[in-house]
Amino acid sequence: MSNGNTAWSTFADGIWKNSPTLTLLLGMCPMLATSSSVMNALGMGMAATFVLVMSNIFISALRNIIPKQMRIPCFIVVIATFVTIVDLVMAAYSPGLYKSLGIFIPLIVVNCIVLGRAEAFAYKNGIASSMLDGVGMGIGFTVGLFLMSTFREILGNGSFLNLPLFGPSFSPVLIMIMPPGAFMTLGFLIALKSYLDKRQKKGA
Amino acid sequence: MSGDIFINVIYWLVINNVVLMQFLGICPYLGVSKRTETASGMGMAVIFVMALANAITWLIDSFFLQKFNLVYLRTIVFILIIAALVQFVEIFLKKSMPGLYKSLGIYLPLITTNCAILGAAILSVQQKYDFLTGIIYATATGAGFLLAIFMFASVRERLERAAMPEMFKGIPIALITASILSMAFMGFAGLVKI
Amino acid sequence: MKSLVITSSPHVRSIERLTDVMYDVVIAMIPAVLVSIYFFGLQSLLITVTAVVGCMAFEALFLKIAGKTNIRATVLDGSAIVTGILIALNLPPTSPIWMTLIGSLIAIIVAKQVFGGLGYNIFNPALVARVFLLISFPVQMTRWVNPSFFKGDAITAATPLGMLKTDGLATVSKTFSHLDFFLGTIGGSLGEVSAVALLIGGLYLLMRKVISWEIPVSMLGSLFIFTGIFWMLDKARYADPIFHILTGGALLGAFFMATDMVTSPITRKGMLIFGAGIGVLTGLIRLFGGYPEGVSFAILIMNSLVPLIDKYTEVKKFGLVKVKA
Amino acid sequence: MKLLTFKRGGIHPPEHKSLAEHKTIERPELPETIAINLCQHLGKPAKAIVKAKDEIAVGQLIGEADGFISSHVHASVAGVVAKIEKRMTAIGTLDETILITVDKDKTREQLDTLNKPKIQTIDALSPTDLLGLIKSAGVVGEGGATFPTHVKLSPPPDKKIDTIIINSAECEPYLTADHQLMIEKPIEILKGIQILQKALGVETVYIGIEANKPDAIRLFIEKLQDPSFRGIQVVSLRTKYPQGGEKQLIHAILKRQVPSGKLPFDVGALVQNVGTVFAVYEAVYCSKPLIDRVTTITGFVNKPGNYLLPVGIGFEQVISNVAGGFKDPERVREVINGGPMMGKAIRQLDVSVMKGTSGILVLSETQVCYVDEGPCIRCGRCVDACPMGLMPTNIAQDAQFKSTDTLAASMDCIECGSCSYVCPTHRQLVHWIRIGKTVFRNANRSSK
Amino acid sequence: MKNVFILTIISLVAGLCLSGVYIGTKDQIEISKKAAFNNSLKVVLPFMKDKYEDVPPVKYDMEEVPIYPVVENGVLQGAALQVIGKNGYAGNIKVLVGVDKNQTITGIQILEHKETPGLGTKSADEAWWGQFKGKSLDKFKFKVKKDGGDVDAITAATITSRSVTDAVQKGLVVYREYAGSFNKMGVSHE
C-alpha cells in the first residue's frame, strides 16, 4: 500500500479530486464558519493543515503501540494536543486572527477530516505517506476554503484579503458574508464540483 | 433574572441558532435529516448529551482546570470527557432503554464528533456562565439544534421527490434550503437584545 | 381513421389550466401595479418590467443550461411572470435596475429552479428574493419616497412601520391617517402602499377561486388579534391593529404571497394553521424584532413548516365515522 | 323539494346530455355476427357449454356461472356458433368469447315471445324463487361494476338490510340511457322494485334521481300515487358528480357513511342501478335473461341516441350502422366504453357490447385534451374534489415513488376521476392511484 | 489494562508537551492581549505616551464604567472610558471613548457589538465616528439628527447610530464627573 506512487496519488487526489469538503463532504462546520474572509479562511486552512499533518505523522509513528480498542481516544488525545498547540501559538502571535476564528480553532479536534484521516489512513500507513496524505488533505481543505472565501469576500465585502477591489459606489452583497451566504455558496460550490466531476467522467 | 433567562433562551434558540447562525453541528444536521423521525431522535439525543456534557465539563473546569491553572488543557480534557460520556450513555441506553437505543444508537457515536457539543461546552465556560445558566444554555442550544434539524427534515422529505437537476440532489440542495431557512431566521434579529 | 388514443380515465378534463391560474394572479395584481405607476411614476413601471423580463430570462437560461426541452412552455406558463411582478411589488420605488435583476436571479435560480422548478420549490421565490435583497442591500431597500402624484420632486420618506420602529407611535399618528394607508398615500414598496388596490386584487382572486379564504382570513385575523392585545395593553406604545393590517405589505402577503399554492398547505385546516402562524410571527417581528416589517420572514418560516403542517392535517377520510348499528 | 347530496368533494363537469337526451330507445338492425364474451361480470368467467356448429336459440344458456361470484351468460340472438376464441373485450381484458352467426328471422321471432310477460303477479313466488329466477337470468349490475345481482341480493345473514336505494342518478356526463329507460318503462321499473322488496323482505325504498332529470322525477311521483307501490319514495338529488357512487348515494340519502373498507350492507343499505331493476323485472315477469340493454351512443357521432343493444354486438357495427357513423373519422381520437369519467378507452373497434356497457362515447380531438403531465403545484383542488376525503396528489406521489407505507389510503379510492378532472396541470392522478393500489396489494402480499 | 496504561502514557506525554508550549507562549499571549488594547487606547487617545493610570471603574447610574486616565505631572490630561451603548440593533455595544482635558472627544473605538455586518458595523469606521472628534457637550448635541441632534446617522442604521451616540455622550458625562473628583482628590487607586 505504501509505495511512493500511491502515496503521491493520495496526495494529489486530496487536493481536488477527493477534495475533503467538496467531494467527501467532511469538515463543513469550519468551512461555513470561517470563510467570510480570505484571511480567516487561510488562517483556518493552515491551522487545520498543521494539525492534520502532525497528527497523521504521530499516529502513523505510534500505530504499532496504539491498541486497537483504544485507538479513538488515543487519536483524540494526539489531535487535541496539536490543536491546543495551534491555539496557544495563534493566541500569542496572531491575536487578530485568533479572535476572529474563535471557537473554531479548538473545534478542529472534532473536525471529521482529521479524525477520518487518522482512522482511514495514518493508522494503516507509514509515516512518509501519512504525512503526504495529511498535506494533500490539508491543502485540499484550504483550497476549498480559499475558493469559498474568495467568492464570499469579493461579493459580500467588495474586497480581497481586506483590500478593497471596487470604488465606494459598489454595494456589496452583504448577505454573502452572513450565515445564509455561507450555506448558499457551499451548496452551489458542491453542486458545481459534482457537475464538473460528471462532465470529466463523461469526457474520459 | 427569570426574564433574562427567557430572553437568553429565545436568543440561543432562534436568533443565534446553533446550526443556522453559528454553523455548529452541520454534519449531523445534513446527515441525519432525511426523515423527521430520525431527526427528532438525533435532536433529542443532542439536547440530552449537550446538557449532561455541559454540566460535567463545567464542574471539571471550575474545580480542577481553573484551580490548578490548567485552562490550556481545556480542549483535550473536554473532548475526552465528551467521548467517555457518549460511551457511557450508549451503554446505559442499551441496557435500560433498548427501544430508545435502537432508534438513537447509531447516532450516539456521531455525537462525539458533533462539534456543537464541544463548542457549547467551551463557549459556556468562555462566557463564564454559572452552573445553572450553563445547563440552560446547553439545553436551549440543543433545542435550537432540534428545531433546526426537525424543520429541515420535514422539508427534506419533500425535497426527495423534487425533480431537481442531478447535481443539486442531496447535500447541495440541503445547503441551499439551510441558506433560505437561515435567511428567514434572520427576521428574528433584534427580537431580544442581550 | 387514425388509431385510437388510449388514456386513463377520466377522459374529459376541466378547462382550467395552470396558465389560467397564473394569469388570473397576474390580472389580480394589475390594480396594485397601476397604483404604483400612478404614485411613483414610470420608475415603478421600469422596475416591474425589469423584474418580469429578468425572471423569464433567467428561467430560460437555467432551463437551457440544464438541457430541458420545453423551455418556451415553461417560461410562458405564467409562474415566472407572477414571480417577477411580486418581486417588483416588494421593492422600494427607488430600486436600481441591477438590484431588481439580482432579485430576479435569486428568485428564479436559488429559490425555484434548483429545487426542480414550479411545484417543487419549498419557499416562495419572490419572498426569498426580497429577504435576500433586504439583508444584502439594507440601504437601497429602505430608501423610500413619498408618492408624488406626478408632481414635484419625490421626497425621501419613511414607511409607517419604519417610522414606528425608529421614531415611535406619536410621530406616526401625527404624519399619517388611516385613510392614507387605505389609499396608499404613504411611503413604501411599490405594492404595499395601497390597501384598496390590494383588496380589489384579493377579492378578484377569491371570486375566481384561485385562492381560498382560509389563509388571508386566518393570517390577517391572527395579526389583528396579536397586535390588538398589545394595543389594548398600552395604547401609547403600540399601534392599533387596523394600522398593522393596512401597512407594510400585510395585505400583499395575505392575498398574493402566503396564498402561493406551491408553498402553502394543501388542506383547509392546514391553511388556517399556516395563516395563523404567519400572522403571529409577523406581529412578533413587527412589535419586538429588529426589522420594522415581518411579513416576508414570517411567510418564509411558515413555508418551511408546510410539509409538517400537511402531515398533521390530512383530511379525514370518508367512512371513518363509527357505524351506527 | 330539498335537494339531497353527499357532503364532501364532488365536481360539476359540463353535462353534454342534450346530445342524446329524450331520444326514444331504438332497437337497431341485427348484425350478421355477434361476439359474446364469457366474462360479462365481476368475478370468475362463465364456462362455455356450447361448441362450434351448435345451433342456438335466443336466450339459451351458453356460458354457465363458475363459482359463487360469477354469472350465467346467455345468447342474445338465434343462430349457429361459429367459433369460440379468446378475444379482446371492451374493458380491455382477453377472454373466451363465443362468436355466433346470426339468424335474423329466427331471432326476431323468438325475441317477440321472450319480451312478453309470462306472469301477472309475483304473489305466488317466494323470495328464494325470485332469487333463483334472477340468478338463472344472469342479471348483473348494469351501472358498470357488473357485480352479479343475485349475490348482492343475498347478504350474509348477520347483515340486516333495511333500505333499498335505486340509483338513477346517472351522474356521468353524456349518458342518458337510464334517464330514457325511466321515462319509457316506469311501471316495469316499479314492478322490479317490488321484486327486490319481496326478495329482501325490505319495505323502504328510495329512488334517487338527479335534479337535471325533472321529467323523470315528476313521472315517478305520479306513478307512485298507485297505492300498490308501498314504501317507495322518490328523492331528488343535486346534480353533482359522483352522485351515483354507491357510498356517496347512501350518504346523500340516508346520511350514513359506509366505513372504509366495508360494503353498503354494513350500514343496512343496498343500492341497485335502475337498469338492473329493469333487468330483474324482465327476468321474473318474462323469464327473459339479460341479453340486451339500453346504451347511450353519443359524442362525435351523427345520430347520438339511446339504443337497446343485444349483448355481443360489435362496437364498429353499433357506431357505423346504429349511430350513423363518426362525424369525421379523421378527427376521432377516443372511443370509450362507458361514461367519460369512469369509462375505459378502447384500443380497437372490434370489441362487443357487454352487460355493463352503459354508454359508447366517441370523443374528437377537440374534446380529448391530451397533454403531458405537469408537476403538482399543490393547489389542493384534487383534495377539495375527492368525494372520499383522500389526498389524491399525495397518494399519486407515493405511488410514483413506491413508498408503500402511505399507500393504504389508495384502497379507499373509488376511481371516480374527480381529482384528475380538476387538476390544472393534468396529472393522471387516478392512473397513479390505480398503480398505487397494485403496489400496495403486492407489498401486502409479499409481507404476509 | 495495558490499553488504559498506553492511553494514560500518551495523555501524560501530551500534557507535558502542552505545558511546555503553554509556558513558552504564556507571556507572549499576555503581551498580545495588552498590545491589542493598547492599540485601541492609542487610537482614542492620540496624546497618550504609553502610560495610563490603573484605577478602579467609576460608578455611574447603576453601572461601572472602566476608566483609563492619563496623568502627567499630577495633571489629568484626559482619559479613555469603556462605556456601554444600550439598545443597539441586536444588543449592547461596548465603546471605548477617548476624551482630552478640554472635555472634547479625541476618538472612539467599538470594542464589542452584535450589529449587522456592513451596516451597523459602519459605526467602527472613522469615516463615521470622525464627526465626534473635537466635539464637546456644550457645543454639540449628542443626538442623531432625526431626534433633533447634530449627529449624522449611518444610513439605514439609525438605531446603531443612536446607541453609539448615547455611549459617547455618556463617556463625556462620566469623564466630567471624574475630572471634577480628580481635581479635588488627585489620582486615586482605591
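Note that the chains take the letters A, B, C, D and E in the order they are written out, and that residue 1 is the start of every chain.
The criterion applied here is as follows: contacts are C-beta pairs under 8 Å (C-beta built on N, C-alpha and C of every residue); 3 or more make two chains touch, one makes a residue touch a chain.
What you see is a predicted model; the values in this text were computed from it and never measured.
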| item | value |
| --- | --- |
| Partner chains that chain B and chain D have in common | C |
| Chain labels contacting chain A and also chain C | B, E |
| Chain closest to the assembly centre - both centres taken as Cα means | C |
| Centroid comparison with chain C (C-alpha atoms), farthest chain | D |
| Highest C-beta pair count, chain pair | C-D |
| Most distant chain from chain E by Cα centroid | D |
| Centroid distance [mean C-alpha coordinates] between chain E and chain C, Å | 45 |
| Inter-chain centre distance, chain D versus chain E - centres from mean C-alpha coordinates, in Å | 88 |
| Centroid spacing, where centroids are CA-atom means, of chain B and chain E in whole angstrom | 33 |
| Gap in Å, rounded to a whole number, between the CA centres of chain D and chain C | 48 |
| Sequence positions of chain B contacting 2 or more other chains | 72-73, 76, 80, 161, 163, 168, 172-173, 176, 179-180, 183, 186, 189-190 |
| Overlap residues in chain A, where contacts from two or more other chains coincide | 73, 77, 80-81, 84, 88, 172, 174-175, 178, 180, 184, 191 |
| For chain C, residues that touch 2 or more chains besides their own | 110, 114, 116-117, 120, 132, 135, 138-139, 290 |
| Interchain contacts, given as pairs of chains that touch | A-B, A-C, A-E, B-C, B-D, B-E, C-D, C-E |
| For the chain E and chain C complex, residues of the former touching the latter | 89-90, 116, 118-119, 146, 155-159 |
| Interfacial residue positions of chain A with respect to chain C in the complex | 171-176, 178, 180, 184, 191 |
| Interface residues, chain D side, partner chain B - complex | 375, 397, 400-401 |
| Footprint of chain C on chain D - complex, ascending | 8, 11, 13, 173, 247, 251, 256-262, 266-267, 326, 329-330, 332-336, 340-349, 361, 363, 367-370, 374-380, 383, 386-391, 393-394, 409, 412, 415, 417-418, 420-426, 428, 430-431, 434 |
| Interface residues, chain C side, partner chain B - complex | 66, 110-111, 113-117, 120, 122-123, 128, 131-132, 135, 281, 284-285, 288-291, 294, 296-298, 300-301, 303-305, 307-308, 311 |
